[in-house]
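In the two complexes below, chain A is the common chain; its partner is chain B in one and chain C in the other.
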Partner chain A sequence: MKISLAKEFDNKAHQPVAHTTSPIVTGASVVALKFRDGVIIGTDTLCSYGSMADFKDVKRIRQISKNTVIAASGDHSDFQEVVRLLGEINTEALQYDDGVSPTPRDYANYLARVQYQRRNKIDPLYLMNVIAGYYNGEQYLGLVDLYGTYIEAKTVTTGFANYFCKAIIANYWREDFSEEEARKILIECFKVVFCRDARAHDRIQISVINKDGVRIEDPIQVETRWDFQKFATKANEKLHTQ
Partner chain B sequence: MLKHLYDTDCTTWSPQGKLFQVEYAMEAVKQGSICLGLKSEKYVVLCSLKRQPSELAGFQEKQFKIDDHIGIAIAGLTADARVLCKYMRNECLQHKYTYESDHPINRLIAKIAEKSQHKTQNSSKRPYGVGLLVAGVDQDGPHLFETCPSGNYYEFKCQAIGSRSQAGRTYFESWFQLFEKSSQQQLILHGLTALKKAIMDDEELSEKNVEVGIVGVGQKFKSLSQDELKFYIKELEGFNAGDQMIVE
Partner chain C sequence: MYIDNYLKSRGGFDFTNVQRNEHLFKDIGMKHPGYTKTGTTIVGLCFDGGVVLAADTRATAGSIVADKNCLKLHVLAPNMWCAGAGTAADLQHVTNHMAAKLKLQRLNTGRESRVNEVVTKLCDHLFQYQGNVGCALIIGGVDSIGTHLASIAPNGTYMYHPFYSMGSGSLAALGILEAKFQDGLKYEQAVDLAIEAIEAGIFHDLGSGSNVDVVVLTRGNRPDFRRNIRHYNQRNYLKQVPYKFEIGTTPYFSKLRFNIEKQELNEDELAMIVE
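Right after this comes the complex of A and B.
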């Protein structure tokens, strides 16, 4: 009879406890552009459950102060948590009641610190956050990713928009655009994203932030055409019938 | 006297509704050497008189930089002041790390006030025996605050605390309307003039016993150097507050 007195040593180094490293209910691309008088930001209104287009009318742009707005692609429950965390800053400001109100940059930097801390625990908030605002006569646009990287930029894209929209923006967008011109670019971006991203939706929501504050518009349908002759005559059917 | 019945600790009220321990702590502030502050549209200036415990000793520093946009002048127990100074510096650093921006001044003052009040409602603690004049600048412009051992705080256009501070306040009451439009130089000279009114007859202002700090829009908190102090103290001779009115 073999009695083992010594405990068997586990030679593997202790792995960090990882809770969520893969997202479940996810939002797709976000596109945001600075324009002459403010910032315009758009997302689609879809949350996917894996490959299922589960929730088709989700508000993925949230206002967090009277001059700041946040949107994100990635895990939607983590996005809701982020909105709650940033709301806590507002609650604290209310309790102090001393007229101090955080700027868009304050929110974005705070979020970057939170994301970085979570990343170090291998327990990230699985998000690409986009924070847009208008403060002190200046537009603000920032990107915070799940690692805690903090970027300020004039245009921001996340998800599939990174691959398909950066070229559109590079060629057709200019910093001194009016709101209408910037909106055209934004809608064009979402048309392309819908055509190519299998997790995208043709219903989008746009928000504009300028000196008058935040305006989150009602969702609109993106125009798409499917009546192209070759597509209609199913040119690819040949492959399937062989 | 009746006072002695109710002044043993912070948790005893007097029949007149006073907390004597807190009031005694405020006396400690009045014993400290004078420091004063005044602000214009763009700048805040802090002027302090440094005490020399003996001829062999150096002069006790009265002003500390908290962050690029905040500086303080102290009156009272220096040791207590150092504790508050360290706390303020830490808070500013943490804020900068988290938010990448300057700590809002009124929020910092509110934190000090909360800390101070906490000491006044505890039988095993004593209030801080120091009053601070906090000079800072934020997006609304320059600010001057006074904090108290009681946990109260006030914002001022100009204020003097410490020993013989009434003389400084009297000067301010006569001339404070000029400060808003004063230049940096005029503001410093006003401050030094007020300081001069508060010193003993056998004392003199010199670059050794005076400390001047300035912070403002586009001006990080800095203490004037010995040479700059010498220059301003010399300028005092020809300075007449009334002249500014004629120019306007």
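Right after this comes the complex of A and C.
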């Protein structure tokens, strides 16, 4: 007697079901530096829809707790989800009503776990997250990428800033800088990124986290120079005529 | 069949190989040759009175360093040098070829070479090969028209710039150049900036490394070529070749002397004291 199964097994190996592995609305570079009394983090305010500069005044730095801030490059909807998840942790902690709140490292660690789990399901949150905070007299700066890699560092760059700004930071930044000096380096980094990254924007937002808490500033315009002599004299037109 | 097709063609583009290529890719399954990009950082920048070219000195074959101190700055003419990134063989042959063509033109016309001459020749040559000749060049020169810095991409695009960088380390170098370049730099400032840009490539790009070479071209002077103007992490200890040991390096118990002419063997006085 043959038992017929409602569903036959086939022996073909199936690819795991992959959900979204490509981002749609994306944010560009993030640059973050530790300085003497805290951490300074900056992003531009653009979310691109592919190659269209769709949303030009987006707040890409979000405060998670009174001493922690998160920014990310990558898919913006995933970023909003991450902010929501970390907010949930906050809510849970509040409900204990014991005055204990998660440290910046706790948020980053939780995020790393979440990212890793999602990556194992081939359904990543397509983000390079940067978490910056100030806890117990110490600055905190961490990077969590879409695979779940967790790195703590003194300077963090994501996106194109990785390529353009690492040399500037290595040569001109020092750990014992004041806020003003660190801000100058940050703005210089964004000038360079705007000049050469086709998906960057010249409006940036800076946030400073120190012992007084979190301060997310209003967006500012970055000035760039385009009037170099050799650009102005249109040398490219001379090729066959002289 | 090739000759017939060739004779029939009336100039313009020659499509005789299209059929053959289609056959090779579809029927035989040949793969399109890939572009081999060798790791490099090269930069060029214009300053007040001339142009500076600089390059790193690492040649890679895959992820192995093939040459720790190769020369990426090539002479095209007495007043024009170029820095090359891409396939080493293509660069050497193409730059030699261009230098020879320019020399012939100088002999024919009796005039100094101009940057736009070599840019035209290179673009015509590279465009024919549709990017398969892996030459990315930064050409700097001073001629009767002025100082020029041009970049040529492997597929034949040319652009003139105040400053530029190419190669795998180009983004790192460009970061430094964008931040610090200004019009009207002086000689030493321009050299320092070029070196800093190459250093950015050397330390922040894995395909570039070793030393920095610089050449400065100015009107009316010989090119100022500084080979290995910077070197990092040099080996301090170099093996002594050939080995030379002073007499007495090894302690001995007894010493016998044999005179070859007289065929006499004598025992010498007492041995060195072994410590």
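We adopt the following convention: the second predicted complex is superposed on the first by the 224 of 242 C-alpha atoms of A that agree within 3 Å, B and C clash if a C-alpha of one lies under 4 Å from a C-alpha of the other, contacts with A are read in each partner's own complex, and residues count from 1 in each chain.
Here, contacts are C-beta pairs under 8 Å (C-beta built on N, C-alpha and C of every residue); 3 or more make two chains touch, one makes a residue touch a chain.
This structure is a prediction, so every number in the text was calculated from the model and none was measured.
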I'd like to know which partner A:S51 touches here: chain B for first, chain C for second, both or neither.
neither
Query raised in the report: For A:S22, is the partner it touches chain B (first), chain C (second), both, or none of the two (neither)?
Result: neither
Once chain A of both complexes is superposed, is A:K166 in touch with chain B (first), chain C (second), both, or neither? second
Task = Could you look at A:F228 and tell me whether it touches chain B, chain C, both or neither (first, second, both, neither)?
result = second
Just chain B (first), just chain C (second), both, or neither: which does A:E188 touch?
second
Item to complete: Could you say whether A:P102 touches chain B, chain C, both of them, or neither, answering first, second, both or neither?
Response: first
So in the superposed three-chain picture, is A:T91 touching just chain B, just chain C, both, or none of them (first/second/both/neither)?
neither
Between chain B and chain C, more residues of chain A are touched by C
Note: in the complex, chain A contacts chain B through residues 96, 98-100, 102-103, 105-106, 109-110, 113, 136
The residues of chain A that touch chain C in their complex are 160, 163-168, 170-171, 188, 191-192, 195-196, 228-231, 235-236, 238-240, 242
Listed in rising order, the residues of chain B that touch chain A in the complex are 97-101, 104, 106-107, 110, 139
Contacts from chain C onto chain A in the complex sit at residues 46, 114, 116, 119-120, 145, 148-149, 158-162, 171-176, 178-179, 181, 183, 196, 199-200, 203-204
